[in-house]
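Shared between the two complexes below is chain A, which has chain B as its partner in the first and chain C in the second.
Coming up: the complex of A and B.
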C-alpha cells in the first residue's frame, strides 16, 4: 500500500530541477566572469542570453504540460490546442497595447477567455469522439488563425506581420528585468507541474486516466465522463493561456504562427519526445526541442528545419515511449534484472531489509 | 433503503427491442430477476445475451419495451445514471484499467468516499491475491487475477444488481473453480445476472435461466429443471 510521503520527497525531482535552474544563471555568470551581483542586476552577457533561452523553454514546457494533460492523460487529441495559447497571447497584447489595461486586469480577461474557449471546445465533447473531435478542434483553431491573419483585423492583431510594440509592465519587462522574468516563468512551470501531479493522483485524475483507457468502462462505473473531460479541458485551457500570456510578455512580436497547426504539432512533438502521459517528459521534451532547434540552426542555417523533421521522425519511431517513458521502462528492467541476479547467486538474505 | 420484499423482482425486462447502429439485434426479450437470485442468460454465440446486458445499461439503443429496476423504469437513462441507480457491470475481456494499480482500480469504483475502505476486508477475503498485488498495475496481473479484479471492482459500491459477462472466458479450470466459489459468495450480497458460454459454470451457479435465441427470449424457468432436460439443453445450447 502506498504510504504518505512528505512534500519534499514526493516532489524531489521537480524541486531539484527548480534549485538547479535557479542557480544556473549565477553559475554561468561565474564562467563568463560576471559576479553574482552583476547577474542579479541583469548585467551578465551570456548568462542573460541563456536566461532568455530558459524562458522560452519554460513557456514551451508549460504549453506542452497542458497538452499532455489533455492528450496524454485523458486521451483527447485536440489539433486546436494552440488556440488556447494564441487567444491568450493576442488578448494580452491587445489589452496592454490597444486598451492600455494594467496587468491584473489583463489576467482577469485571460481567465475569462480561457473558460469561454474550454466551454466552446466542450460543446462538441458529448457528440464527437476520436478523429472527429480532432478535426473539429482543428476547425475551431483554423477559424481563429484566419481571423488573426485577416487584413480587417490589422489594427488589432497586426495580421500576417504580427502584433508589435506591446508595452511590457516595467517590473517584469524582460529587456530590463530578465532574471526576474526567468524566475517567474520557472516558478509558474514548477507550480503547474506540482498541481498537475496532484491532479493525476486525485480521484478526478484517476477517472481521467480511465477515460483515456476506456470511456465506456468509466461510464459503466457511474461516471459522467463528459463532465470530467470538461474539467480537464478547463485546466488545460487555463494552463496554455498562462503560457500565452508569458509569451506575449517575453517576445517582441506576437506572430500569427502561434495560432496555426504547426504550434500544436510542436506541443505534440514535445510530449512525444519527452514521454507521453509522464508530465516530466514535457519539461525534458521542451529542452530537447529548443536546444536541437538552436543547435541545428547555428550549424545548418536554412536546411535546419528539414534535419529537425528527420530527427523527430527517427526519434518517434525508435524511442516510442519518449525519453522519460523509456527511462522509466529501463528503470523497471534494471530492477527486474537486479532481482534476478540476487536470486541466481543466492544473495537474497544479504539484500533483505532488516525487520 | 430497501422497500421491496425479498421475493419481489428486482428487474423486469419487458419485450425490449434493441438496435446496434441500424441492425435489429434484440427482437423481443422478456424476463424477470427475483431479488437475491442468480439468473443465467443462455444461448448460442450471437444470440443476443451480451446485447441484453448492454440494453439494461443503455449501452445500446432500446427502441421498444420497458426495463424496470426496483419499480422504476431505467430505459432512456445514460449508462452512468443506470450505474448510479445500483447496477454494476463486469464486462467480458477482463475489463480492468491497465495503467492503474489494483488499489486505484478498486478506488475508482467508489460511488461515495470510503466505499472501498468499508468493504476492504470483505473484498480481500474473497480475493486474497488482490491484497497481495495491491500495488501492481492492471497489466501486470494474470488473466485470472484481472478477472477477479473486474468482479471485485463491481463490489466496491453498493450495487444491488450485478451483470457479469463471460467471467470464465479464457481461464484455466482451476481458476474457473475459484470463480464459481466467488460468484456464489457474491450472490449472498447481491442479485446477479450471469452470461457464460460455459454451461458447467452457469448450471452450478444459477437458480433460474432465460434462453435467448436469435434476439428473442424463447424459454425460461428453474435451472434445476433445465439440467434434467437434456433434449432442451441440446436443442438450444448445442451441449450434449
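Coming up: the complex of A and C.
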C-alpha cells in the first residue's frame, strides 16, 4: 500500500495524546478550583502534583521506548540497558554539581558518553549472540552498578545513599518551573516516538526487524547485520541517555537503584505490559506501571512489588502481546496466547461452540 | 562426539594459573592455603546453584533466573526446620493434606468418566468446583493454627530465635491456638479443598476413551499422606518437643533433607504448571522465571522479614575448649572442634573443609548420574537434540520435569549448606545468581564440567581479591603493590567474564558450534 499520508493523519494518535496531555494540567486545575492562569504560574496544588507524576511517566516511557527498539524491534535481549540511563543520570549530576558546567555543555558530554557506551556494547555484538549477549551486557551494567556503589567514589556519586543536591538550571527547575519541565518532557517523548516511528518505516528499520525475525536470512540477503545493530544500539543508547538526563534534572536524589538489574526489568515490564515491538505500548505500559505502583503503594505499603510481580507473570502467561498488541490483533480475541492455554485447560470446544 | 580440546581455552586457564602463582609470591603458605580453601568453599556453593542452572539450560533451553530464589527458599526452609521445628511440625500436615487430593487423580479421572453429563456441562461443573475450592481455601487456610515467629515483635522475631538457638537456648514457645474452628476440622478442610480442586481440574481436562483402573496399589500414596498428616497433627506437641530437644547434628540433617525435598517439589510444580506451556516461546520463559524470582523474593520478605540472620551451626562444628583448635583430624571427631590448625593457621572446619568436600561429592554424584544411569543417558542425549530423543519414543517431558526439580534441589542444598556461614538475607539469592551466571558464562553455559570450573574460578578470584585487599598485590616484575578495595572484588569476576566471553564466546568448555 503506497498511499501518501499527510503528517497529521499519519501521527494522529500521538498528536492527540500530545494535545490531551498538554491540556490535562489545566483541566485538572479547573476541577480543583484554580484558574488556568494560576496553573500557568505553577500555583496549582493537585495539578502540580499530577504534573510531577506525569514527568515521571514520560521519563519511564522514553526509557521503555529505547528498550523496545533494542529488544522488541531488533531482538537484542540486553540486560544492561539501564547502564545507558544510569551513566547519563550520573554524568549529568556530577558535571552539574562537581564540575559546575552549564547545561548545554552537559548535553554535549551526554552525547559523548552515550556514543562511547553504545560502541562498548557493540564491540561485544559480532562475537556473542542470544543468551551470551544478555549475560555480557548484564556483566557490563553490573560493573557500572558496583563502581557507582563503591565507597571509593563516595565524593562523586554518594555511593549507596545516592547523588544529592544537584543544582538544577533555573529555567527548568522542577520545583519552580514545573509546568515548563512537564511540557519539555512531553515534547521530548513525542519527538522520540515520532522519530522511532519514522525509523521503523525507514529501510534501516526494516532491516532491523528482519534481523529479529531471522538474522541468517538477512545476512544471506547481503546486509551487514552488525552495522545495523550498531546503529540501533546508538539510537537506543542516546534515547535512554536523554531519559537519564531528565531523571537527574527532575529527581532530588539520583539513587543507585537506577543502575541495578531491577531497573532494566522495569523497562522490560513496561514493554511487556504495553506490547512488545509496538512502540505506543511503551507509553501505555509506563502509564499502567506508574499508576499501579502509586495505587498499590497506598494500599499495600511494602508488598507492592509482590503484586507487580504477579501482574508480570500473569501478563507473560495470559496476555503475551501486551495491551496494545492484543488490541491490534483484533478486539479482545487475543489469538495465540489464549489459544495455547485454552487447549491446555481443555476449553477449546467450549469456545468453538459459542461462536 | 569426540571432544576437541581447544587451544585458546587451555591458554586462558594457563594464564590464570600463572597469574595466581605470580601474584601469590608475597604470600606465606598459610595464607595461600586458607585463601584457596575459602575459594573452594565459595566455589562449591556457587557450583551447586550453577550445576542445576546448566543442566536446566542444557536440556530445556530455559534460562532459569528463579534459581537464585530457589536457593534462598531452600535456606529459609532449612532455617525454619532447624530453629523453629514446632512451626515446621504445624505446617507439615496441611501441606500433606493439600497434596493428598491430587494423589487421587486416578479416582477423579474415573469419576469424571462415570458421570453422565455432556462434555460442556462437565467443564462448567469443573470450573465451578475450582471456584468453590478457592473460596473454601480463603475461608479455611487463614484459620489453620500455626505457631510462628512475629515480625513486628523483636523478642519473637526470627533474629531473636536465631540468636537464642546459637546460644544453645530454646525459647519456650506457645503451642498454636485454634482460630475459630477446631484444628482437625481445619486440616480435613484442607483435604476437601484439594479434593475439590483436583476433581474440578479432572473434569476440565476430561477426554473420552481412557483406560481406568482402581487397583489397590494406586491408593497407597493417598493413604500414606493421610495417615502421616493425621498422625503428625495428633502428636503435634510431643513431636515438636522431641525435635526441639534433639541433637542439633541430626536436626541439621533433617533440615537439609526437608528443605531439599520441598524445593524439589516446588521446582516440579513450577515446571509442570508454568514453564511447560511456554516451551514454544523461549523469551517469555526467561521473563517468566525472572518474574517468579521476584515473587518468591517478595514472599520470603513477607514471611521471614527483611533483617538478616544466621542459621546456627550444629553441635558437631561448635566445639571450643582446651583441646581446640584441633591439631589432627581425630581431634575434630573427639572434641568437635570448630577450627583446625593447618600450617600454623586456623581453618574453620565447616566453612572451609566440609563445604568443599560436599561440593566435590555432589559434583561426582551428579556426574555418575549423568554418565552411568539410564536417565542420565537420556539427559545427555536431550542436551544434544531433544527432538530426536522424543522421536525415539522417550517421554522427554517427564525427564524435563525431573531435571528441573533436580536443579532446584541442588540450589536448595547449596542454600541450606551456606546458611550457617553466609547467613540468610532477602538479597542472598540475587547475589548468588549473579555469581552462578558469571561462573557459567566463564565455564560454558551447557557444559557440566564447565559449571564446576567456572564456579571454582569465581570462588578463587573473589577470595584472593579479598585477601589482596588486606595485603596488596605485588604486580609481577615491578615493585608496585596494588591494593584492591572491597568494591573491586565483584567487579573483578565480572571483568574476567567479559574477557573470557570476548575471546571465547562459548566459554572455556562450552560447545563450539
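Throughout what follows, the second predicted complex is superposed on the first by the 330 of 355 C-alpha atoms of A that agree within 3 Å, B and C clash if a C-alpha of one lies under 4 Å from a C-alpha of the other, contacts with A are read in each partner's own complex, and residues count from 1 in each chain.
Throughout what follows, contacts are C-beta pairs under 8 Å (C-beta built on N, C-alpha and C of every residue); 3 or more make two chains touch, one makes a residue touch a chain.
The shown structure was predicted, so the numbers you read here are calculated from the model rather than taken from an experiment.
**Student:** Classify the contacts of A:128 with the two partner chains as first (chain B alone), second (chain C alone), both, or neither.
**Tutor:** second
**Student:** On the A-aligned overlay, A:316 touches which partner chain: chain B = first, chain C = second, or both, or neither?
**Tutor:** second
**Student:** Once the two complexes are aligned on chain A, which partner has more residues of chain A within touching range, chain B or chain C?
**Tutor:** For chain A, the partner with the higher number of touched residues is C.
**Student:** Now for A:136: first (chain B), second (chain C), both, or neither, which partner does it touch?
**Tutor:** Only chain C is touched by A:136; chain B is not.
**Student:** What is the contact status of A:224 with respect to chain B (first) and chain C (second): first, second, both, or neither?
**Tutor:** First partner only.
**Student:** For A:216 in the superposed arrangement: first (chain B), second (chain C), both or neither?
**Tutor:** The answer is first: A:216 touches chain B but not chain C.
**Student:** Applying the document's definition of touch, where does A:207 land relative to chain B and chain C: first, second, both, or neither?
**Tutor:** After superposing on A, A:207 lies in contact with chain B but is clear of chain C.
**Student:** In the complex of these two chains, what residues of chain A are touching chain C?
**Tutor:** Listed in rising order, the residues of chain A that touch chain C are 77, 123-124, 127-129, 131-132, 134-136, 138-140, 142-143, 146-147, 149-152, 261, 265, 268, 272, 302-303, 305-306, 308-310, 312-313, 316-317, 320, 340-341, 344-347, 349-350, 353.
**Student:** Spell out the residues on chain C that touch chain A in their complex, using ranges where they run on.
**Tutor:** 57, 63, 119-120, 123, 204-207, 274, 277-278, 280-281, 283-284, 286-288, 290-292, 294-295, 298-299, 301-302, 430, 434, 437-438, 441, 445, 485-488, 490-491, 494-495, 497-498, 501-502, 505-506
**Student:** Applying the document's contact rule, which stretches of chain B touch chain A when the two form their complex?
**Tutor:** Residues 57, 59, 78-80, 83-84, 89, 91, 95, 97-100, 103-104, 107-111, 134-135, 153, 157.
**Student:** Please name which positions on chain A make contact with chain B in the complex.
**Tutor:** Within the complex, chain A touches chain B at residues 1-2, 203, 206-207, 209-210, 213-214, 216-225, 277.
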